[in-house]
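Order of writing sets the labels: A, B, C and D. Residues in every chain begin at 1.
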Amino acid sequence: MGNFRRVPVGIVGASGYGGVQLVRLLMEHPEVELVYLGEENSTGKAFTSVYPHLTNMVKLPLEAIDPEVIARRCEVIFLALPNGLACQLTPALIEKGCKVLDLSADYRFKNLATYTSWYGNDRSDHHTANNAVYGLPELYRDRIADAQLVGCPGAYPTASLLALLPLFKQGLIVPETAIIDAKSGASSAGREAKTHLLLAEADNSLSAYSVARHRHTPEIEQICSELAGHEVTVQFTPHLVPMVRGMLATVYATLRDPGLVGDDLTTIYKAFYRNSPWVKICETGIYPQTKWASGSNVCYISIEVDPRTGRVIVMSVIDNLIKGHAGQAIQCLNIMMGWDETLGLPKLGFYP
Amino acid sequence: MGNFRRVPVGIVGASGYGGVQLVRLLMEHPEVELVYLGEENSTGKAFTSVYPHLTNMVKLPLEAIDPEVIARRCEVIFLALPNGLACQLTPALIEKGCKVLDLSADYRFKNLATYTSWYGNDRSDHHTANNAVYGLPELYRDRIADAQLVGCPGAYPTASLLALLPLFKQGLIVPETAIIDAKSGASSAGREAKTHLLLAEADNSLSAYSVARHRHTPEIEQICSELAGHEVTVQFTPHLVPMVRGMLATVYATLRDPGLVGDDLTTIYKAFYRNSPWVKICETGIYPQTKWASGSNVCYISIEVDPRTGRVIVMSVIDNLIKGHAGQAIQCLNIMMGWDETLGLPKLGFYP
Amino acid sequence: MGNFRRVPVGIVGASGYGGVQLVRLLMEHPEVELVYLGEENSTGKAFTSVYPHLTNMVKLPLEAIDPEVIARRCEVIFLALPNGLACQLTPALIEKGCKVLDLSADYRFKNLATYTSWYGNDRSDHHTANNAVYGLPELYRDRIADAQLVGCPGAYPTASLLALLPLFKQGLIVPETAIIDAKSGASSAGREAKTHLLLAEADNSLSAYSVARHRHTPEIEQICSELAGHEVTVQFTPHLVPMVRGMLATVYATLRDPGLVGDDLTTIYKAFYRNSPWVKICETGIYPQTKWASGSNVCYISIEVDPRTGRVIVMSVIDNLIKGHAGQAIQCLNIMMGWDETLGLPKLGFYP
Amino acid sequence: MGNFRRVPVGIVGASGYGGVQLVRLLMEHPEVELVYLGEENSTGKAFTSVYPHLTNMVKLPLEAIDPEVIARRCEVIFLALPNGLACQLTPALIEKGCKVLDLSADYRFKNLATYTSWYGNDRSDHHTANNAVYGLPELYRDRIADAQLVGCPGAYPTASLLALLPLFKQGLIVPETAIIDAKSGASSAGREAKTHLLLAEADNSLSAYSVARHRHTPEIEQICSELAGHEVTVQFTPHLVPMVRGMLATVYATLRDPGLVGDDLTTIYKAFYRNSPWVKICETGIYPQTKWASGSNVCYISIEVDPRTGRVIVMSVIDNLIKGHAGQAIQCLNIMMGWDETLGLPKLGFYP
């Protein structure tokens, strides 16, 4: 391949589930080279002390988080940190010329007051935040292409918005009727030891949580509002499901035109996502299961209309750690770098 | 215990999951004696050829289904048969004086035309059906007390209706806004071998099914309509969750009075269910998980209000095979016999 | 029931999985009344702050652990504490006349040097320990009947020993060939938050742990040695299986008499356990699954002979939290009190 | 890439779990082109009628199984058929010049009498079978390189033999003491609907099966005997574990030299597998979990010595559908074609 040069990339916050997915996907990506792994508290240890199965496969150590060092070694940096940390690190990285893909909530909001009211932290990086683009390629492909800083959506907003975008964009529903009943596997909650996430507690069980106050709500509303042209409030309820990976959003909304049938909407969705290689619209009557998406960057969507109630029901499934997290960030990277949007990302899930 | 006489009871369709639950619960019930197990295709075999772990504990054979024989030996008979079979057997049993608790859909509908339009079978047993009572004790305790034939609700309608009853009864919501997003463990689908229910297919996966056309919908609507005083249409979506037992209904509806808060509704629910020993209303902010209910006949309900959207969100969990099936039938039996409603039924789940 | 008096019992260490099982089983036991729950760090809180689903069902608070108070209120006390704590508390309780059932390792060893070499703690309660009986009713029913202090076996030793007892007792195997490959659900590891027990880590995974050095080994060897009449060393390997409850021990040993067939051994086992109501020997060729035992105090055993290798393979399944823990302690209590050994204990598992 | 030509390959029996893994891996393999999918009973249907999530990704139909057609279109053919079918098809394919990789048991045995005594079918293709090579690359890399027909090992023999090879090859153990306690996820049992594999039956449960008579036993013994230089009988017990993928073999054997310690054996294993890129030997004291291997072609092995018993305990984990099935077949293909052994196969598992 001649004098081919791989783009040097790094990950800050490499030891969580998002981190280990990024490591795997970036190592298999044909255009990048993973050169840096940062982690605050594990500094000096090998990455493989956290994930021993990758011994001799991932040879990078976990290093201290120093913007100077990062910017010198990485052209692109992924931030997989808890909310409130990326915004402390990003301004320096941006100033030094890095491309930054932040997987936390810090750069998802146009209006930092919204961020502060839901996340509690005050913010002083208004200029940086102002230039951030919301990393949902199916909606903002062009903006992402020109961005230096991308705030990647959470898994819930990704599944929810991909189900809702055509409805809001085309004005097909009564906005305030939108209800998202979302279900996620336990890996979305991360790798920190918590009692309610123990297998003995969470297996063979199911519950809702953060009802009417989950922090992903304003992120969904921000995009819906932009598409609707006015402030939209949605109902969002997350559930913890006894499985490792996978996410399903079941979305309900009242159709403006009660004469539409499922096939009409399937056609509209197929047209809307015609140029989106990672969204697959199912034939009417075929409902996706989360296992279909596991291991791939694909979002499967199925649309049903209930003529009895005049509602559309949209089901959207993703792998919460890939299209809902690491894969989507890499999809954004591909776009930022002018590469094919599908480069280095898994197309076929690892069924079963 | 002196000249105490246990009531002789039998089960038709004993080899399914409903059957094996009934066997266990009835054997532990202090006032009944299980004397008959019927099964069409397994006749002559021991019950324990189907459930070998009960060898030497359940000594009854699986017998042919003969109303004559059943009526002679059983004062009470539970029918755990596929839809469309109970209605062929029941008229003869009723005529011979048996008390009948049917766990199929056959005797759940006041209007048999509704049954036929959703289930496909024509029916000629109008007289018998007319005298059937819908076996939801929390609503029809009095009618059940006087009934000879009870059509026990399905698991989904039980979880859904217990969440909805106070709202409809008190006129608290806009009826047509009611949406039920329900999730069930795989045991609800029965013990027949089907590919999509294999562990390798269904584990670590999640999907909706029968969207906008699940047969439990009209059963829910029938009760809501009766309470509302007019025809009500609800949205009902079932999901298959990778767990053995348990069911959660997440119910959404728009409040008529947007000034109500969660505590108001919790108070209303507690009052509504004051005399219902099997319904437990959680304190506001505590959401039930299905594991809580596993193994018990309890239904846990939590109510949340979202002031941003003006909606109430009700979460209701049950053990799909107990309060959603066998336990509820026994609860009805207790009422029919004038016994304490809690007799012989497990109060404490088998957590974890 | 006239002037019937229930025996007052208490639990120290009530908030773990062993504790919550004891609570459930003791509340359903017809001869006892649960009057005391002790917990070091949760003192003053309600038991239901830890298990909210039991609100209004279990009304006892979590109290400080004071031998004076315990002995005044409880005739019998169950100790469900981490290893090394029961031995500090027990001498005082014994002296004050309590019957004590300890579920930790502290009173399982005849030779405290063995305890100290595997558990690390030095012990000064030799007199107390000397009078403790090993709480395996199928072996020491008579001793338990006369005991004031019972050291209940762990779940692994229970499953392993019930599989091994007839072999050692009858001298059927070459002792040093005994290998126990044991598999347990995650609830055996307790309710403390640990990363490797998270659902996202432990589900869809399987591994061995503590190979060649698990602390349950000496407990198994102590009993085998007593039966063999000389020091016996066994191989014991535990595995963590992605399920909540249940334990299977697959036991291998070389037969002294290679002419024995499976039916011979099944007959021998049935005879050996003739008077043990909680052990069920399967017919030859029927292998037990852990689900059979879930929720009951039953141990299912199946015996196979491999004529090609001259080995016997014994499979033994229990519910790790019932026959492997709380249920067995109650079985011991029944024997200590002169009650029927099966009193208040679940016979039928909650299949599926 | 200039006049690069991909090797045309096909799969017979494409609709099972082995088939869908082969499809995914072969589509991602850089040197082959998947051109044919055969399936007896689904002929004419699209592959995606069986796996709808691959719609528009896998466009091949399911075709009739005609050796003429296969040989014309495919240079290499994978047979993922039930036992007893490959041997009917293979002679014609071999004669027409195809390279054949059979994933059934049909070509695993040197001595067809062994095959017939365990599998029941008489065989007439002695000449073809004679030229087959057992497809365990870590042992027979050279033979595979020259083979036209490879009989790929089952998942259990792969996990078991990789654990045993160094022991037998170096004469480190007393051969007849080898015991393999193996545990597999449910996908090994295939996609056919069977009651005992339903999620409601198999989840939260665990059992042994085919004790002392599983058909993978003679395959393991054949290789061990060859290495030992005399007939060896091993004990092999499979277990069904409640997870989708993954396999663990826990292997026990008595060391000839009781002075060996774990580190000695770890060193021996590392040397033995020095040139085997798909086998990773863990550091002493680190035990593999099946999740490590999920999604990759890696086999992780850990060795422990118990000085008390003089036994070695080897733990070996693989993904039963990759290194235990489809991946290993492709590894063999790579060797047959003179490609790098790791080509097109996943190195990093999809943890978690």
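Criterion: contacts are C-beta pairs under 8 Å (C-beta built on N, C-alpha and C of every residue); 3 or more make two chains touch, one makes a residue touch a chain.
All values reported here derive from a predicted model rather than from experimental measurement.
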- [ ] Report same or different for the chain B and chain D interface, where same means the shared residue numbers exceed half of all residue numbers found there.
- [x] same
TODO: With chain centres defined as mean CA positions, report which chain is farthest from chain A.
DONE: C
Task: Inter-centroid spacing, chain C versus chain B (mean Cα positions, whole Å) - done: 36
Open item on the list: Please tell me the distance, in whole Å, between the geometric centres of chain B and chain D computed from their C-alpha atoms.
Closed with: 46
- [ ] Starting from the mean Cα coordinates of chain C and chain D, work out the distance between those two points in Å.
- [x] 39
Open item on the list: Multi-chain contacts only, two chains or more: what residues does chain D have there?
Closed with: 17, 185, 187, 191, 200-201, 203-204, 242-245, 288, 352
Task: chain A - residues contacting chain B, complex - done: 176, 179, 181, 183, 185, 200-201, 203-209, 211-212, 233-235, 237, 239, 241-246, 248, 250, 252, 287-291, 294, 304-306, 308-309, 311, 313, 315, 317, 352
Task: Residue ranges of chain A touching chain C (in the complex, touch as defined) - done: 17, 185-187, 189, 191-195, 197-204, 242-244
Open item on the list: Applying the document's contact rule, which stretches of chain A touch chain D when the two form their complex?
Closed with: 17, 20, 23-24, 27-28, 51-57, 187, 191, 203-204, 244-245, 280, 282-283, 286, 288, 292-295, 298, 300, 321, 347-352
